[in-house]
Structure formats: structure tokens, C-alpha cells
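Two complexes, one shared chain (chain A), two partners (chain B, chain C).
The block that comes next holds the complex of A and B.
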């Protein structure tokens, strides 16, 4: 009897810890998979934005730049677009030029890049960013409501769950760039 | 144990690798696509689809065509159950009583016509379909149906300054669908279900480039009642139509009963046709026009007379036309509605022709950066004419002639963004001048949002709004006569009041929206409102005459009563999107108090009658001053959820439960019988489950199986209305 009781308790205890451990593992796996799924969902929007940005390069007449061997895409502010852009850089080129990514943490750091993507999370006044980029042949792309009207060349908008883009032709021209009529035909033109 | 752990880790590694592989693949795959192709790929992200509502300065919600379809809603009214802050009670199959944040059944112990929501502005593409007669909406007369709907926007709280008068408790704006792809398209859907319910919609649209598009649509609904009995207020029982005491008393006999109830089993039969044209002459010059007509015959609750139970047959035939032009920064809208209505079919005094004309011109200017100002002018004329159907010489009709209410208004809206667009201030002011009452009413709205960062936004709103003058309040002009005793008659004169004060509501609201992660968003709003100047039919004076042919003559008029209400409440909505799941639960908790309420509908000058305890000087509309009671007709808790699972690209499963807590509606006969039974509807709190399964075949055909009230909860939702029942619909949707 004496030996039976401790065994029984030990058995129960083992059963319980085992159960807890299994549940914990399951929760861990679910959480991890879930986080991974969230990342995937986030990426799908930014995969699209990255693909759009890459596509835009084909419809813009770029000004000659200092480094003729590189095409630079800048990103200001933390953004999930960095990952898909990083993927694109590995395989794609623009006019046979290698693509490089520059990341800027504040407007003062901005140096020349062909395309500058302003992250929704940048948190800096748009004026400060535009002051740094005006007339330098940079295509400014944003993703916030009304930004095209405020002077960015291209602004992503979502209409009926589909990604569309606004184009501010004045801003494109002021940057010294020319957008093809084919591109403008697809854009929502903003004054 | 080790095996289990190893297995779990392996599974985890496989899942993660698989997902990462998917992500990489999708980027590289997308690079091969053209911009045109990319623009047609839907993206899934909670943060973006809700971004516009995230930044909205007012308490607002949007329910889209896609959500309505996935939820399996069978009508526009039912779709409003997907919106937070809206109370939707079924009266009969397909007919609903709809209130935003309550303000219903005020004053309590009133006639049925005062139960209806008269404080919500309902619009289709920004033109009002509000009914100026009594302030409500005849939902069955909406010419459009689900097929025409792109989305439904609901704004909660007084919003007259931004949307026009009548937006006292809120605004429901139904935006119609425009063709979104070039060429010809057609959409048709048909649902057939319980109680002989047939709902058919079809539309054909054509879009030629981005410049011009046109749509023609038609809709039909037939729904039978879920029960066959009617409520008899004399006996307090539900019985067959022929056995209802009021029906048996009808002096015109069976012929008139048949006129009043041509189809006792029918809840709704309606059909309509609409045409829409959109033309873009230049990038900033757009024109649109709409034209349509509808016929409807329903049994619902609206008003009663001496010979009808609570349910009556309402018939409407209306047509409308609307044109709108956006020319650069100028917007011009003209809309016209014309029709004939008989809300108590077979009762001649309840029949009239009516028309409303609305004209709005607005011009948007931006004097400085980030500031836009929109001044506007508005003209509205509502004409109700019953002279064709009644003998106006003896004041037989409700207003016995032509009643015309004219509103002229000036308005100014401002939208200013400061501090790098973090602070947004939206303000509106409006002055409404009416032919009656001869007084200018000012309404205003001031809303501010402050965005701490991309994920946190706080907002405050302060607003005041008034209801438009109602035809019944202004122009009632009816003489009621009957035998008083063997040799004498009585005469009751019912008169309108052209100096009536308009119902006015003021609100303070604070809100907080938080985007916790890209998948999860919370929206909290806390509000308090004060509403005054309710109106009711008041017994003003009367005199007995022992000798003349008229033994008693009395005067009743439409007048303001002392009661005012205060509401306190909050609505919380969460939206969670993960993979193929979307879960959007919402709940409103609120409390409504009535101050200075008196159940007596007479002035101190009225003659003594039992209804005022034979002492009008003590028991009258003012005798409640200083009192405070809880208003029980608005539920203290109500809400629902939208739970959607895209099982695969073809299969979608949706649950949309809806619930409310206990309520008590009080009708005027409660004061007559005072037995706690008659005139009292104790509405039990309930949870109603709705479910829908959609299966798509070849992207063009979708099969629908939808179940409303899955648990077959039969507890009544509205005073003496039909008990709801389990409804199952099967249908097909075709998009070509």
C-alpha cells in the first residue's frame, strides 16, 4: 500500500507535467506559425509595393547619375518593404544596372537615390524630406492618404482591396523626370 | 515525450520553411507581372482596408458589398445588423424597425407612430430618402436592393452640420455600385427560402473607357409572414384577423377588411427598377444621374386606427430622379422624389401624394495649405397632399389639403490638418431657415483627431443637430366626429403647430483607435447626448354642451412635451484578420434616462377626464418635472460579430451573431388598461445566430446557403409584431 501511493502520485504528477508540456509545445508552435503567418500577410502588401516600385523603373526616363553602374532605391523609416526589396536586389536589375538599397533613419541623412520610398512609419514631416530631395532627379514614393497632393511623385492607395497608385505629374516633372504616358494612364492623376 | 517534442519541432520547421518559401516565391513571381496585372491582384491586410475608417474623425462604420455577400444578408435592412451601434428589430419577415443608438419609443406610452425612428437620416448616394411626414424611413420603399449596393456607411451621433438636418442620432448612407471594369458586365442573384421568400436581383452594366458607364438594375422580393395571427388590443391576445375586436367593429364590413388586408399571409412584396449613368468629361469633371421607380406592399407596424390591429398593410408607389455634377471643386446635386403612399391601406385618410425636391450646391476652396473650406447652400421642399383622397371641407384628412415644408440652408465645412498632419480638425456649421417654424436653427459639429503615431489615434467630437419640421407636427388638420350619446355627437379637432420647437440633440464624444498589430485593431467610442423638444399630440381644451347637437368639442394639437433624454454609452469594436480569418466583434453598452417625463398628454387647461385622474391642473404634460426615470425601450447592451473564414479560394463560411439585452416598449393602451400586460411588450434579451456558406464555381457562379436565426429563437423583437422564425435560403449569384 505504502509503495503504491507514492507511485500513483508520481504517475499523476508525470501525467500532468506531460500534458502541460505538450500543451505548451503546441501553443509555442501555434504562436510561432501564427507570427509567421502575420509576417506573411504583411509581406504580401509590401511584396506588391516592392513589385510596383520595380515596375515603375521601366516607365521613367531617369536622369544620368554619378554612379552609372548602380540603381539605388532609398527607404526612409522602418518598413516591411525592406525584405521584399532585399529579395529583388538579389536577382533583378534596372537597365542592366545592379540595384542597391539605402536605408535612411532621418531626413538629414538622405543622399541621392533614384527612388525614395517614404515609409508610413517614418514619422518625419514631409516638408523636411521634400526639402532634401527637391530637383535632384529622385522619384519620391509614399504610402499615406493625401501625400501625392502634398508633393510626392507617386502615392500608393488601396481601392477595393487592390493596390493602386496616385501620380503627381507636377512633382515628377519638378524632379526632372519624365513618366511615360503608359504609366500615367494607369495612375490616378493628382493635381 | 521526446518523440512528441521532436515531431512538434519537425512540424514547426516544415511549416515555417513552407511559409518562408511562399513569401520568397511570391516576390519573384510578382516581378514578372505588368502593372496592369498587379493592379488586379487583391491584397489582404487589415491595416489598409480599414485605414480610411481608422482616420475618420466621426464614429463611423462601413459595411461593404463583399461583407454583405459573405454574411448571407438577404436585404439592406438586415445588413445593418453588421454595423455597430445600430438596433435592428424585425417586425415581420423582411420589415424592420431601425434605430441608431436608440432614442426609440420616446415618449413612452405613445401611439405606434411615435415608435418609429424619426432621428436617423437615410440617404442613397447622398440624396435623402427620409420621410418628412413623420420623420422616419419607409425602408420597403428604397428603390435599390443588395445588388446595387457598393457599401453602406453609418455615422453615429448628431451630424446635421456635415450631412444635413435630420441627422440627429446618425446617418445611414447607401452608396451604389459602379462598374469597375471596362466592357459589359452583368450580375444576377436569386435566393429562395422559408416562408415563400424569394429575392431576385439583376443588373447589367457597361463601362466604355473611364469616361462613361451605365447600369440598369431590377429587384424583386416576396416574403410571407412567419405567423398568421394578429394582436387584439382589447382582449390582449393574438388571434385570427376575423376575430380581432377592432376588425369586427369596422362599420364598412368585410369589404373594407379585405381592402385593408388583401394578403393576410404576406409580409412583403416589392419590385423596383433603377438606372444609373456616370460620365467623366475631364479628369475633374464628373456627372452622374439616377432614375428609378418602385412598388411595395408590406404588412408592418406604422400606425393604427379604430378598425385595425397593430399590423397594417402599407402600400407605396414612388419614382425618383437624381443628378449630380462635380465640376472642378464645385458640387451640384438635384434630386426629386414623387409618390403615393397608403401606410394604412383601406383607410382613406391615410393616403396621400407627396414629392420632395432637394438641391445642394457646394464649393470647395483651399485658401491655405492643408485647409479646405466647403461653403454650401441647400434648398429642400417637401409637399404632402391628401386632397385627392379625402373631403377637405370637413377636414377628413390628416392635414386635409396641401402641406408644404420648405427649408433653405447655408453651411460651411472646414477640414484642417496641422502639425505634419498629426492633428486634424473637421468643423461644420449650418443655419437652417424654414417656412415653419419661422426661426433659424443652427447646428454645428466640431471634430478633432490626433494621431500620436501610425497606430494610435484619439478623437473628440462635439455636435448639435436638429430634426427637420415634420408635416404631421406642422400641418395636422383633422376633425374627428362620432356619436357621444343617443342625440349628440362629439368633435375633436386635431391641429398642427407651426411654432413647434424642433427636436434637437447635442453630443459630446471621445474615441480612441488603436492598431495593436497589422492584424488587430480596436475602436472605442464613448458618448453622451442630450435630446430635447420631443413632440406629441396634446389635449389642450374642451367643453361640454348639454343642449347643442355637438355634446363635446375638444382641441388637440401637436406640441412639445417637457421630457428630455440623456444617454451615456460606449461602443467597442475589434477587427482581427489573420490568414483566411476575419473576426470583427462589436458591442454597445448604453444607458438612457428620461427627465421630466409625464405620462399625461394634456395641458393644464384641458377638461378633467379619467385619463388625467380628473385633475388636469395637477396631472398634465408638466407634472413630471423634476423626475428622472430609466428608459427601458433602448437595450442596455447590444452588438454582434462578423466571423469569416475563407476556407479556400472557392469556399467561404461566415457566422454573424447578433444580440441585445432585455427591453420594454410601452404603447398608449398601457395607460388605459394599466394591467402591466396590455400596451406593454417585454422584449427578451436574445442572441440570434446567422450563418452563410458560399461556394464559388469558376469565379462566376456562387452558390449560397444562408441561415437566419439558426437557433429558431421565436421571442418577439417589436411591440405586438410577428415572432421571428428560423429562415433558410438557398441561392445562386452569377457575375459575368
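The block that comes next holds the complex of A and C.
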């Protein structure tokens, strides 16, 4: 009996796999194209974010630090921002100081940096990070809805498919920094 | 009279008013242009600072690509009534944000050379200002403002009004000033002029211009017065001289008349004694009452007496002739008159064999007293025959021509002639004789001269010794 039907089954299986393969290929293609487009959007978004982060340095009054001869930007968690930020850092300076990038994998690793960018993919509770950075004169920048309300100084948001940012003046002041009115004028102020 | 009066007045007024007008006009134009330029400059500066302020505010919007915020900043310019359009361009020159006062107005985006530094340009009333934005020496974009200076027209109109008012004031002021000036210049000049006219009209040189001054008009008036004084002095002197001359001439006339009277009386009174003396001498001769040894002395006495009788007769003739001057003139046929005279001296003509030709074709008649004309003819003819060349008969040519108001009687002979150099001054004198060997009383030319002069004529004589003489008698030929 088994020998009676195997051919049939095998046939049927073949047809099914073929069908599945075709559908799979199609799906793959669609997914691929979708993700590539998404990736493209993501890339331009992070280009802008990197440029914004660099531009923030011009509108923030940094605490005078005598011994440091470089400006540090920290990134916690894996993020597509690393590449564009790396490009900017190659040529740009802040107050004629070179810029270096530090990457932290967990909150415990965090050491002093002028700007700390919390990646959407960091996955650590915000309180842990804030506890580590409190009152050290660090500008905390995040990219998740509501984070500004939770205590980060600046939070990137998308409004009408345009990149904007929220500013928590309390948090900025608590960090011992002063934001220029020109910056705050453009920000969505969060109390 | 009023024309000349008005002219100097008007001229001065026109000169003053025109000068004032031109000066004020030039000043007004200068101030208006200066103020318009100042206004434009200040408008430029204002627009430039506005562009700068907008630019400073828009820098962060360019950095964070916030077009809405940039537009909001530009919208604040609606408080500025002059600004019609404002725009922010990004570093590639693309429109980033924009404000337009009236949507209908120029919807085309402004085109600007982004490489240029800050500029501000006028196009009539329109002003365009562009201001480039930099951050840390990196070019970010450009702010552009378009303004329409509506106030400019208002300012120009108000300036024109003010300038017109100032011009009017200047003209009125200059008119008033010229009225005052007339008192000090024109009025005095006019007084001088009217005084001059009065002097010319009345001939009263005793008049003087009063109220002279030390300026040019004063000098002129002083000079005028001095001139009048001199003229007055001279006039007085002339009058006096005239008076004395008149007296002198009256005295002369009287003396002349007395002399004439005296001559007449003496010649007349001498006529009968000399006649009787000659008669007695003739009687004595006839009676042979003279001794032969006294014959010579008697002849001398007889000749002297005869000569004296001749002279006294001639004198009587002249005096009688003088009384005939100024008698009425009449139209005379010259040819007829000549024929009559020829008949009178027929013997003389025949005995001398004189050849007389007459040509009165050019002027056959003359208005003259017949007696005198004949007397002239007779004297000239007898003279010509008397003073002929020795050994040949006299040849006499007579003709008349017309010259102006005169009939010119020309009598030409080929006789002895007169030494003109020698006798020039004595030709017409009484008892003047120029030839010794011929007989003559020296009355003829004197009589002709007296006649011709008393009828307003003259005598010209051309003569060469031994060649002949030409008399040109200008007979005054006035109509009857």
C-alpha cells in the first residue's frame, strides 16, 4: 500500500514544496524590499539625529572642565547612529576639542561623557541609567516617546513625519547645564 | 516818461527776485536730495539690521531644519509695514521659509546670488536687502528682505510743499527788500532824472538836486549840480557878452549911419562948389585970362579940379546906388537885359571891336532887380573891355548855369587878368584899382559885390595874369 501511494504522495509533496517555495520566494522578496526601504528611512533618520546631536553642542553651555582636552559622546545599547556619528566626529570639533565616541553595553559601564545617547534598543530600565548619570553635567538624549517626561534632557520625536525634539528644562538644569533660548525655541518643552 | 521809470524799477525787482528765487531753489534742491538720500540710507540701515536680527534668530532653525519655526520668525515682520516680502534660503539657495505681505504680490521666489556678501539695492522705491548667515564660519543660508518705501513719496511731496512755501516766502521777502532799496537807490535816481528833464525843459540852470549822499548816486548828483553851476556861470557870461556885443553893434550901426550921412552931405555939398570951380576955370581958359608963363600951373589946377569933380560925382553915384539896394525883384530875360546893356555901351564895343558871345540856354531867366542885373552886366562888360590885352580886341564869353538856389552868371575874358595873390583881399574895396596904365575909378567891382551880397549871393573870381579872368556871380534866385 505504501508502495502504491508513495509516488502519489511524493508528487503531491513536490507540488506543495514547489508552491511553498514560490510563495516563500515572493514573500522574501517583498519582505526584503520592505525592510531595505525601512532601513533606508532609518539611515536618513539617524543621519539627521547624529547631525542634531552635534549641533546641540553649539547651543548648550558646557561646564568648564580644565583637564579634558576632548569632547566625549557616549552611546548605550546597539544603534544605527554609530556610523553617521563616527563620520561627523572625524572632522568636527567642539570648542576646538576633538570628539571621541564611547560605547557602553550596560548601565554599570557608564563613565563620564558630555552627551549620552540612549538607544531605543538598549533595553535597560531608564532609572538605572539616570541613577548612574545624575548631577554629573551630562546631557542625556533619548529617542523613545515619553522619555523626556521621565527625566532625559532631550528626546527625539517624529511629528508629522518630521524629526523634532522634546526638551526637559528641569533635567537640563539639574545636570548643571544651560540650554540656549535659540535651542529651546525650537524644542517641544516638557515639564 | 513812466516807461523809463518803470523799467529801472522793474529791472531791479526782477534781478533781486530772480536771484533770491535761484538761490533758494538751489538750496531747496540740495536739501531735498540730501534728505532723500539720508532717508534712503537710513531705510537701508534699518532693513539691514532687520535682516541681521531675523538672520540671528533663523540660524538655529536652519541648523535644526525647522521650517515652521523659521516661517514664524518671518511672520513677525508683518509689524513692519514697508516689508512686502521676506525669505530664508538654505545653503544651497533653496527656499527654506517665506513671508509675503499680500499673497497676490509676486509669488515667484526671490533669486539671489548666494555667494555674494550682504547687499542692499534700490530699484526705484523698492529696496532689497540680503544677509548671509554663518555659524562657525560655515555658510548656512541667506535672509532676504524686500521693502517698498511708501513713505518716500509722502516725504518727497511734503518736501516739495515746504520748498514751494520757502520759495514763495523768499520771493515776497525779496520784493519787500527791493521796495526798501528803491527808497535808497531808485527813488534818488528817479529824482535825478526828473530834475534833468526839468532843467532841459525849462532851461533853468539855477535848479539843484538836493539830498545828495556819499555813494555813487551822491557823486552823480554832486557832479550834476557842479555841471549846472558851471553852465549857469557860462550862461551868465554869455548873456553879458551878448549884451555888450549888442550895444557895440548898435553903436557901430549908429556911427555907420552918421558916417554915411556925413559922406552924403559932404559929397552933395561939395558937388556945387566943385562944379562952379570947374566952370570958372573953363571960363578963365576961354577968356585967355592966363598969362603964358602961368599956363602950366593953370593946366595942373584945371586937371586937379576935373579929377576932383569926377571923384565927387562917383561918390554921389555910390551913395545914390546904396539907397537903391533892397528894391523889388522881377523875372528878367537875361538875353534881353544883355542886349539893352550892349546898346548902352555901344560906342565902347564898336571902338574896341569887342567880340561878345552869350549862352543863356541852360538858364534863360533870373528873378532879380532889373536895374542891378543890368548894372552887373554893364560893369563886367566895361571892365572886360577896359582891361583887354594890348593889341587885340577883347573876347568875352557869357553863360549861365543853375546851382541849388542860384543862377550862376559866368563872364570870361582873355584880358590882362588880376594878380590874385596880391589883391585877393582888396578886390571888392571902394576905389581899389589893380592896373595903373588904364583909367578907372575902382567902383565897378565894389558895386557888383554890394548888389550880390545884399541879395544873398557871392562872387568867385579865377584869374591868371595875362591869361584872362573868369567871374562867377552867384545870383540869389529866390522865387518871387
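Assume the second predicted complex is superposed on the first by the 147 of 191 C-alpha atoms of A that agree within 3 Å, B and C clash if a C-alpha of one lies under 4 Å from a C-alpha of the other, contacts with A are read in each partner's own complex, and residues count from 1 in each chain.
As a working rule, a contact is a pair of C-beta atoms (placed from the backbone, for glycine too) under 8 Å apart; a residue touches a chain by one contact, two chains touch by 3 or more.
Note that the structure is predicted; figures quoted are calculated from it, not measured.
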item	value
Which of chain B and chain C A:123 touches, first, second, both or neither	first
Which of chain B and chain C A:145 touches, first, second, both or neither	first
Chain B versus chain C as contact partner of A:47, first or second or both or neither	first
Partner chain in contact with A:189 - chain B first, chain C second, else both or neither	first
First (chain B), second (chain C), both or neither touched by A:170	neither
Contacts of A:88 with chain B and chain C, given as first, second, both or neither	first
Overlapping contact positions on chain A, where the chain C interface meets the chain B interface	48, 52, 55, 59, 163-164, 183, 186
In the complex, chain C residues that touch chain A	57, 59-61, 63-66, 69, 135-136
Interfacial residue positions of chain B with respect to chain A in the complex	1, 4-5, 8, 11-12, 15-16, 19-20, 22-24, 26-28, 30-31, 33-36, 38-45, 48-49, 51-52, 55, 180, 283-284, 417, 420-421, 453-454, 517-519, 577-579
Interfacial residue positions of chain A with respect to chain B in the complex	18, 21-22, 25-26, 28-29, 32-34, 36-45, 47-48, 50-52, 54-56, 59, 83-84, 87-88, 91-92, 120-121, 123-127, 144-146, 158, 160-164, 183, 186, 189, 191
Residues of chain A that touch chain C when the two form their complex	48, 52, 55, 58-59, 163-165, 180, 182-183, 185-186
